[in-house]
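Going by the order they are written in, the chains are A, B, C, D, E and F; count residues from 1 in each one.
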């Protein structure tokens, strides 16, 4: 009988707390969104699954000796996983459209306004009883507005590890929701006529320029903002391997099996931070609200900057492409293309939006470096 | 109720956040403006020529894998030749 | 001359003990079986090679600073390697045949009888002087009857690390010997007529069912047997990635380079436990004997359960398929097919045997969870 | 010779092992029976329709790699078009 | 204003030392050589990039918490990375040409003379004030003459970690310079007539011989020189997987994604040792000078040994192939082929040079084992 | 100036280095001579038969490197041929 009782005590039903049950529900919800709704499935499948595993009572996934404990310690505590993802993304990114039209960098910069306004907003939320965000917390939350998963995870692991789960989930969720969040804002801030603007074909870019670009970015970053070099540097390494053309073996592995492997582990480790104690709190609600605001402001800032640039540019600029400056590659660029075609079915903005889109990745990595330098 | 000291603390934090916002946003834009300048320079230094040769890349990497493959290929050829000769 | 003498002292001939020599012989034997006899070569090549390396005097492979020491510490001590293998196996497994005929799960359950009888037998062996197996040791040994390598390694690393080498070698060796061990037992327990029974074609399975299956297994496991969730959970993650169809990049890496890399390291680490002091003992003989018994009882239980089910089933059941319940995927299912065709050349049992076969994987993972909960 | 205390110890262990055997085997079968029930439920909830569309899968993954490839393709097309035009 | 000043202090311009600036320049130089001159790009791209990252002030890449710190600790301190590379190289190596003509091993042995003469030379350099090489330092430097990157990195990580950066850079640089260093020496030591010698076609090699070869090498090494078994053993494992033909999944991963991933990390970790304090010293100049001497002596010894063998051989031997004995696979063999064709355009020496070439890899791994046994 | 004690130290080191050089080089050569003997043995034990079935392995191993190299080689050959033909 002893064993029978012991056996009952070792069931999940007997040992589960309400909080764990709720978080397992959140995990399954993320899996549903990833699989049925195709919300950023590459990340949300492992994150959702990790959330389920982390909240199983008695299984010890997140305690020393447990799988998720080791993965988190090896890859997130150290910051290694997001940096390797960044290297992979660098190897997958074609900077051609941005090099052809460097002004697009300003759109990728303007859209980072979402980050800094949100930082202010997070501190302001402290007037609500129960919320008590430090400057470090606020910075980590604000980076959601960068619309870039690895950047958000890297900064959160450095500044606010306890909030990492909520921040990563918010970042990837809103990235998946870009087709829903952005179009109303884009339409509100532009006229039908502006949305119909066709842009001039991009100039061809020489192989040498593409090769020099990551080196120039690296050089500028190390001279001006060394705290951004982990993210920006690894991104540049991936891109340099790609454009150098002399290490194709390495580039192929970086673009495929290396980034895939790390993505699975990164997702599981992020999911492991979705424990009841850290996630089921008012802070999470605050983070979700602030994240939505950050995306909205980033989108608006990008569009407004594009309108401003259109005023002073001698070649036509469709202000919609400013929305792609938030990053969320390549979703935001696709949304720009779609909204553009709704105004003018002959208007192909995809390539023009890729410039601000990859500029947004650089912009938020630079913003993360500034936050690390000033707050970290 | 929010105590006095907390109001002070929050307003101090708000001031810091405002400063961060200003400095941060300016730094991002400044950085990107410098990058734009750098890219204009790059364009001048490395102009695009329509007929530039396509990347020679892959074939230029002398990897061990390739030598191994070539070795194997030569071997097979060699065997084939040997066999053909033995038919005569 | 000093250097010459030093040089002689640093040769393997001078420094080698008889035990090391014997274990290097065991390592070469495993390599021979793997390469010449094709006994589970994917595991036995690295295990055999690891055994050779681990027993080289003065080379320090298994001491701090040595390669095998680090691989073992990183992957087996932590339990990470067998769990990653399980994820990969999940991504490679098609549960279709099992979902089409869920009763087959009972065969995968019955075949686990081999585990529990062997547990009893291991304790009974303690009457032999020189053998002194604890309950934990006995449980780790018994899991050999699960006929699943990663499960055996995971449980042994948790319950009896000193016996891990012998247990893993026994598990993989008997899995390779399935075509020799099983047929006589299968023929003994069935009539020619029974072996000739043709089974009805399996019903088609919807994509949704395949997608829901790993989620249902995970849910049931976490509710009832959380201690089995490391193994079962990672298996379900691999299978969910496969069946979700939205993360093919990740699935492909999981099925190929990730599982291949981990297999090499897992094998080397297991081989590193084949040291003279741990392997050359009466306990190893006991483990080998018990392992053979476990396989035989598991096979017999599966066949007998299939005969029982055939009595009560309205669709015909060929009792041979019960033998596939031990797991040993896909060898056991192939053996079933072959023995079936010897009785009736027109009889294709392979797909019908795949159901109990993958059920056996689940069954032994569940059994491992129970042993961890009650003994661990 | 086996001492008395050892006989006691072994028989205690054997009793535990017997209990483990019973409970373990029953638990495994119980678990699998519940799983069978769950699978019957799944079959009812998600029936098979012969004409169900094949997995759309791959095309649905909006990966950066794909956009990169598309970008490159568009570029090349673009260049090709440019070149052709320049022939006129 | 505080923040502004803080911001300025956090720029790289403000914080950079002259040494760091110089080393960043060295990093960019290595990138230039790798990309524009195709000097061993697979290694020099990550090494050069790692050198740049390691010398960025305030970025902390090489301090605890930094990416390069973790990569170095995980892969070089432990010796794991060079050993995995060796496994991959083993899986890529075809020993056929060597097995067909075992005498070629002597050329791979003679070329190691460069190592041992350089060891003596490094100690002799101690008469120069400011240089103070221990026997361990001298041994690590001398291994540059082995012309094999992973061997040099492995030995340096064991005997002289502080010199690792300079040693690895020297090794890979001279390997890339083989087409410039070797031909003059080869021409100096041979007559036009000797260079025109055509060699007999190699005998065919059975599959079994190829399979037995790595096992024989392993056995001989563990009996005679166990301290060489880490390097030689992993090489043999890779080659055994390749030739066994029963683990193609594993071989393919070893030859591709595993070696590629490790190459990136190995390069970055080596680059992280190119810090100003360790690299900008007279010792580095000494190392570079000694490395060049080692290559030259190794080449000369190989050619002279080949001339000696030609005297006593009944089948003709072209002494040029001795130069391939330094290893530097496959560059040295190609150089032999090219110099041979300059003397006689109908002379194809590539396959004949592959024998000494792979023998050179074994030879330097054996030499490293001897140095570890006697000095380590 | 180099002190006396240092001269002694360096000459001791040089003696050790000389010894290392001798022993090391002899050991390498000895090892390789033994390996040559082992290989002669292998050749006797596992002779090559002209009609032995071609490696099921190698040819069956569709390594990416090999296929890539062969593809490249074929391509180059093909281009060369095409060019030559275009001269006619």
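Please note the rule applied: a residue touches a chain if its C-beta (ideal position, glycine included) is under 8 Å from a C-beta of that chain, and two chains touch if they have at least 3 such contacts.
Chains and their UniProt names: A, C, E = Oxaloacetate decarboxylase beta chain; B, D, F = Oxaloacetate decarboxylase gamma chain.
All figures in this text were calculated on a predicted structure; none of them were measured in a lab.
Student: How many steps does it take, at the fewest, to get from chain B to chain E if each step moves to a chain that touches the one before?
Tutor: 1
Student: Please name the chain that ends up farthest from chain B once chain centres are defined by their CA atoms averaged.
Tutor: Farthest from chain B by mean C-alpha position: C.
Student: At what distance in angstrom does the C-alpha mean of chain F lie from that of chain D?
Tutor: Result: the chain centres lie 44 Å from each other.
Student: Please work out the Cα centroid separation of chain B and chain F, and write it as a whole number of Å.
Tutor: Whole-Å distance between the two chain centres: 34.
Student: For chain C versus chain F, what separation do you get between their C-alpha means, in angstrom?
Tutor: Distance between chain centres: 39 Å.
Student: In chain F, what residues contact two or more other chains?
Tutor: In chain F, residues 20, 23, 27, 50, 58, 63, 65 touch at least two other chains, as defined above.
Student: Could you list which residues of chain A touch at least two other chains?
Tutor: Expected reply: 3, 7, 38, 41-42, 204, 224-225, 246-247, 249, 256-257, 370, 374.
Student: Under the definition above, what is the set of chain A residues touching chain B in their complex?
Tutor: 99, 102-103, 105-106, 108-110, 112-113, 115-117, 119-120, 122-124, 126-127, 129, 135, 138-139, 203-209, 212-213, 216-217, 220-221, 224-225, 245-249, 359, 362-363, 366-367, 370-371, 374-375
Student: Considering only the defined contacts, which chain E positions touch chain B in the complex?
Tutor: Touch list, chain E to chain B: 3-4, 7, 38, 41-42, 89, 92-94, 96-97, 201-202, 204, 255, 329-331, 333-334, 350-351, 354.
Student: Flag every residue of chain D that touches chain C in the complex, lowest number first.
Tutor: Listed in rising order, the residues are 2, 10, 13-14, 16-18, 20-21, 23-25, 27-29, 31-36, 38-40, 42-43, 45-50, 52, 55-58, 60-61, 63, 65.
Student: Going by the contact rule at the top, pick out the chain B residues touching chain E in the complex.
Tutor: By the definition above, chain B touches chain E via 19-20, 23, 27, 60-68, 70-72, 74-75, 78-79, 82.
Student: Spell out the part of chain E that touches chain A in their complex, as residue ranges.
Tutor: Residues in contact with chain A: 3, 6-7, 10-13, 15-16, 24, 28, 31, 34-35, 38, 41-42, 45-46, 49, 52-53, 56-59, 61, 65-67, 70-71, 256-257, 260-261, 263-264.
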